[in-house]
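Each structure below appears as C-alpha cells.
Each of the next two complexes has subunit A plus one more chain, namely subunit B in the first and subunit C in the second.
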Partner chain A sequence: MVELGVGGRGILPRREFPRLLEAITASGYEIVGPTVREGAIVYDRLRGVDDLPIGWTDRQEGGQYRLERRGDEALFGYTVGPYTWKKFLFPARERLFTARREGDSFVVIPEPTDGPKLALFGMRACELAGLDITDTVFQGGPTPDPGYRARRGRILRVAVQCGQAGGTCFCVSMGTGPGVRGGADLVVTEILSPGEHRFRLDIGSEEGARVVRGLASVLAPVPPEDDARVEAIVARTAASMGRTMESRGLRDLLRETLDHPRWQHVANRCLSCTNCTMVCPTCFCSTHEEVPDLNAETVERWRRWDSCFNLGFSELHGVSVRKSGLSRYRQWLTHKLGTWHDQFGSSGCVGCGRCITWCPVAIDLTEEVAALRQPATPSAPPGGNR
Partner chain B sequence: MPASAPAPTDSGHPLAPIPYAVRSTATETPDTTTLVIEPRGTRRISLSRPGQFAMLYAFGVGESPIGISRETPEGRLVHTIRRVGPVTKALTALTPGDTLGVRGPYGRGWPFKEARGQDIVIVAGGLGLPPLRPVIYEIFAHREAYGRVEIIFGARTPKDLVYYDEVQSWRRRTDIRIQVTVDAAGRDWYGDVGVVTTRLPDARFDPTRTTAFLCGPEIMMRLVSEAIQARGVDPHAIWISMERNMKCAIGLCGHCQFGPVFLCRDGPVFPFADLAPLLRVREV
Partner chain C sequence: MLATPHRPRLAVWKFASCDGCQLSILDLEDELLALAGRIEIANFREASSAVLDGPYDLSLVEGSITTREDAKRIREVRAQSKVLVTIGACATAGGIQALRNFANIDEFRRAVYARPEYIETLATSTPIADHVPVDHELRGCPISKSQLLEMVGAFLQERAPNTPNESVCIECKRRGNVCVLVARGTPCLGPVTQAGCGAICPAFSRGCYGCFGPQGSPNVASMLTELHRLGMTAPEVRRVFRTFNAGAPAFRTASEFAVEATDAKEGAP
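Up next, the complex of A and B:
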C-alpha cells in the first residue's frame, strides 16, 4: 500500500499516466504544460497526455534551438523552451483597471483578479527556482501585485526532474537543479529504458496529496532499485550540463568591473533585441499603456512586458539615460547577476540557459562573466566608460 | 537595504489614481506651471514626509512622477511641473475645476528632523527647488533648531527661476543666506552668473556639523556633493534626490533602478555616500 500523504511516493506505470492528468483536472485545475507548436516546445493548455511532446527532444546551443525525434516515446525527454511559466502569473499584457469619466470626476474600476485554477505541469527545478524569485519580486515587497498574488494562489506546481541537460543549461552552477528540492506540489521523474516506462511520483504538499488521493489503486510502492534509478538520472543530468558559470562573488565582481573593456566587446555584438529578457523566467520589467476609447470617456490601463534593452526604457525628460548598447547590456547583466542580490536577496539567474539559446547572435552570459573575471589588459579594445 | 516607505493604503488597487480637482494654477516660467490641487471626494493621499513624490495622472494620457512642493493646512497639494512629454503637457494645460488623478505619496523624504542642531546647506538647480521647498519652510518654522542656513539656487537663465517672488521674499530674511545664480543672462540681470558650484566657496558652514540637501540635475548634484565633501562634510550627511524613468512607483516595474536601489521605494532621497561610486559611471 502506498502512503499518499506529504512526502509519500509511488510508482505510476506509463499506461496509467493519464490518470494523473485526470486527477488534476478532477481537482478543479486546468492543465498547462509542454506541447509542440511552431517548431518548439511551448507551454499551453493540455487536453491530455497526447498533447505532450511525446518522443520529441530539443537540441540547444547558443542562438540555436532545434526539435528532433527521439528513438523512444519519452514524455519529458527535452529541456526548457522559449516560454516560461511567468506568463501565467505575470501576463505579457494585462489590463490593470478601467477608468470612466463620471460628471466632473472619474471612477476607477480595478480589473477582477479571478480566474481558473491552473496546474503548471512539467515545471523543471530551475523553473521552480524562478517561481521563488518572481514570488519575491511581486509579493515580497511593501506593495504586492494584486494580480500576481491572486493567480499565484490558484496554481498547482507539478514538477518534472530533468532526465537530460540541454546544451545551454547551467542550473548546477546556480544551485537550482536539476533535482527538485522542494517548492512543488507533485514531482514526477520519468524512468525509461528499453522495455520499461514508468514514473516515480513524489507528493510535496497537502494540495498535491489531495489531488492524487484517488490514485492509490494505480500507484505501486517504490522499489529500492527505482530510487537508485531516479538518483542516477538526476546525477547523470547534473554531470552533463552544457554550460558552467562561476557564480561565487558575482555581486562584488560586477560592482567592480563597470568600466571593463569586455562591456564594449559584448555591446558590439548585442542587437538590443530584448529576446533574453523576454525568455528569462525572472525578468519582470513592465511598462504602462493608457488606452482611451474614441471620446476618451473610458480609459484602460494596460501593463505589458518591457525590457531594459529598449531605448525608451530609461527615458528621462525626453532623453534616454542609457543611450548606448553597452550601458543597456551592462544594466541587464549587472542587475540579473549582481544587484538582484541587493534588491531581492538572491541571484536573478536560475541557470536555465534560455537567454543563450534565444539570443540571435549567441551571446552567452556564462562566457561574458568568465571574460569579466579576467583583468582588463592594456591591449584590450578601448571601451572604458568613465 | 534602506528601510522602505510604508505602502499607501488609501486606494483599492495600488495603481488606481484618486480624483483631485485643480484649485488654481500659476505660470512659473515659460515651460513650468504650478498646480494647487485638492481631493474631489473623501479619499486623499496623506503625506508622511516632505521630499516625497506623487504620481499625477492626466486622464486618458498617462502618469508622471512629480515632487510634492507643499501640502497646505487644508490638505491641498502643490506641484510644480515642467512641460516635457505628453503627460506633463496635459497636466500643465489643466485649468481650475479640471480633474486629475493622484496616487502616492511615494518614497522616503528628506531627513530634515535628523539635521536639527546642524548647519544646513541647500542647493537647488532649476526644478530642484520645488521638492526642497518643504525643507526650507520646515527650517523657517523651527529656525532656532538649526545652525547657519545657506541656500544656493541656480537656473539656466533668469526666466527659468521658479518661485521668483517667493525667493525674493526669502532674500529679505536676515537669519539665512541665499545666493541666486544663473548660467547665462542678458544685461537686465544684476545677479550672479555661473553654475551653482561657483557660489559654494561663499557659503559659510561648519563642515563637522553640516547637513546638505541637494536637488537638481544629476551632474550638478555630483559636483556640488564632491565640492561640499572636499570642504570636510561627511558624504553620509549630503542628501541628494535622484530621478529616473518611473511607471509604477511601487517597486514592481523595474524602470527606476539605479544600481542596487529602486528610486521609488528606496529613495528618491539618498545619502551621497551610498550612490557616489555609481554617479561617477556614465549611463547607469
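Up next, the complex of A and C:
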C-alpha cells in the first residue's frame, strides 16, 4: 500500500504515466511543460504526454543548441531550453492598469489578476531555485507585485530530477541541483533502461497529495533498489556537469576586480543583444510605457521585459549612464553574482547555463569568473572555449 | 456655430524611394479615420491630389537625397515644417540606392541607361539628416505601422515617441521565438539591428537581414567574427551589411571591414 500524504512516494509505470497528467487536469490545472517547437524544447501548453519531447535530447555548448534523437523513448531525456518558467509568472508584456479621463480628473481601472491555475510540469532543480529567487524579488519586500503574487498563488510545481547534465550546466557549483531538495509539490524521477521504464513519484506538499490522491491504484511501493537507482541517477548527473564555477567569495572578488582588464576583453565580444538576460530565470528587469489612445482619453500602462544591456535602461535625464559595453556587461555580472547577495540575500545565478548556450558569441560567465580570479596582466588571455 | 478645432497640418514628402513607407500610412486602415479627425492631411500626393500650401506642423519625409534638385527641395521642406520626421531606411540611411556610394556612378549610368547623358544625378545617396536637421526618425524597410501610429500620437500629445533603440533579439525573446542563430546556426543580424519590426523574420525561422538598421550600441566587430564562425565568407558578410541600410555608419563600417578582409585574402592591393 502506497502512502499518498506529504513525503509519500510510489512507482508509476510508463504506461500509467498519462494518469498523472489526467489527475493534474482533473484537479483544475492547465498544464504547461516542455515540448518541441522551432527546433528547441520550450515550455508551452501540454495537451497530453504525447506533447512531451519523447525520444528527444538537446546538445548544448556555448552559443550552440541542437535537438537530437535519442536511442530510447525517454520523456525527460534533455535539460533546459531557451525559455524559463518566469514567462508564466512575469510575462514579457503585461498591462498593469488603464486610466480614463473623466472631466478634469481621471479614474484608474485596475487590471484583473484572475487567470488559470497552471501546473508547471517538468521544473528542474535549478528552476525551482530560480523560482525561490523571483519570489524574493517580486514578493519578498513590503510591496509585493500584485500580478506576480496572484499568478504565483495559482501554480502547481511538478519537478523532474535531471537524468543527465547539459554541456553548459553548472548547478552543482551553485548548490541548486541536480537533485530536488524541496520547493516542489510533486517530484518525478525517470528510471529508464532497456526493458524497463518507470517513474518514482514523490509527494512534496498537501496540494501535491490532493492532486495525486486518485493514483493509489496505479502506484506501487518503492523497492529499495529503485531508491538506489534514483540516487545513482542524480549522482551521475551531478558528476557530468558541462561547466564548473568556483562560487566561493564571488561577492568580494567582483567588488575588488572592477578595473580588471578582463572586462574590456569580454566587452569586445559582447553584442549588447540582451539574450543572456532574456533567457535567465532570475533576470527581472522591466520598463514601463504609457500607451495612450490617439485622443488621449484613455492610457494604458504596460510593463515589458527590459535589460541592463540596453542603452535606454540606464538613461537618466535623456543620457545613458552606462554607455560602454564594458560597463553594461560588468553591471550585469557584478549584480548577478555579487551585489545580488546584498540586495536579496543570495546569488542571482542558479547555474542553469542558459546565458552561455544562448549567447550568440558564446560568452561564458564561468570562464569570465575564472579569468577575473587571475591577477590582472597587461595582455588578457584569449577567450572563447568552443 | 462652433469653431472647428485647430487640427495640426500634416505633409508627406517623397524623395528617392519606392513609396512603400507612404503606403504604410494608408495601410493604417483601422486607425486612418481617427487620425484624419485629429490631423489635417494637407499635402499627401500618394493619397490625394488636393494639395494645400504650407507651412505644416508635421512633415513625414520618405526617401533619400540623390539629385541636386532634391538637395534643394529638402531645405524648402524643412523651412515649411515645424516638426520633421524621416520615415524608412531610405530617409534615415540612404536606402538600397546608397550602394552607389561604394561604386562609380558613371559606370552605373552607362550600364543602365541608353542615353546616360540625359541622367543628372549625384554620386551618392544620402539620408535626410545629412542635409537638414531631423526631429525624429522611424526605421525600417518599410516602417512599422505601430511605430508610425506611436510617433503621430506622440506628436499630437506633445510627448517623446517610444521607439527604443534596443536589439531585435529582445523582441524575439519577448515574442517567444527560438533563436535561429543558436538553435540552427542561421546567420542573423538581429543582435546588431534595431528593434521595431516585432522580430518578424526569426518568427518564420529565418535570420534578420537588418532592415531597421543598427541598434543603439551595435558591436559589429564581434558580429563579423560570429558570421564568419557560422561559415559565411567575407564577400557574403559584405553582402548582408550592404542592403537597405548599407549607408548607416555601423553597417558601412562592417561591410568595408569585410571588403578589406576579402581583399587581403585574395592578395588584392
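Criterion: the second predicted complex is superposed on the first by the 377 of 386 C-alpha atoms of A that agree within 3 Å, B and C clash if a C-alpha of one lies under 4 Å from a C-alpha of the other, contacts with A are read in each partner's own complex, and residues count from 1 in each chain.
Methods note: contacts are C-beta pairs under 8 Å (C-beta built on N, C-alpha and C of every residue); 3 or more make two chains touch, one makes a residue touch a chain.
Keep in mind that this is a model prediction, so the values were computed, not measured.
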First (subunit B), second (subunit C), both or neither touched by A:P292: both
Subunit B versus subunit C as contact partner of A:Q64, first or second or both or neither: second
First, second, both or neither for A:S346, with subunit B first and subunit C second: neither
Partner chain(s) touched by A:F138 [first = subunit B, second = subunit C, both, neither]: first
Touching partner for A:S27 - first (subunit B), second (subunit C), both, neither: neither
Subunit B versus subunit C as contact partner of A:S327, first or second or both or neither: first
Overlap of subunit C and subunit B interfaces on subunit A (superposed complexes): 292, 296, 306, 323
Touching residues (chain side subunit A, partner subunit C) in the complex: 37-40, 42, 63-67, 82-83, 87, 92-93, 268-275, 278-279, 289, 292-296, 304-307, 310-312, 323, 325, 357-358, 360-361
Residues on subunit B engaged by subunit A in the complex (per definition of touch): 1, 4-8, 11-17, 19, 21, 40-41, 59-63, 82, 84-85, 97, 99, 101, 243-245, 247-248, 250-255, 257, 259-262, 265, 277-278, 280-284
Complex contact set, residues of subunit C against subunit A: 31, 34-35, 38, 149, 152-153, 156-157, 162, 164-167, 169-170, 173-179, 181-185, 188, 190-192, 205, 215-219, 221-223, 225-226
Contact footprint of subunit B on subunit A as seen in their complex: 96-97, 99, 101, 104-106, 108, 110-111, 137-138, 141-143, 145-146, 255, 258-259, 284-288, 290, 292, 296, 299, 301, 303, 306, 308, 313-318, 321-324, 326-327, 331, 334-335, 339, 342-343, 385-386
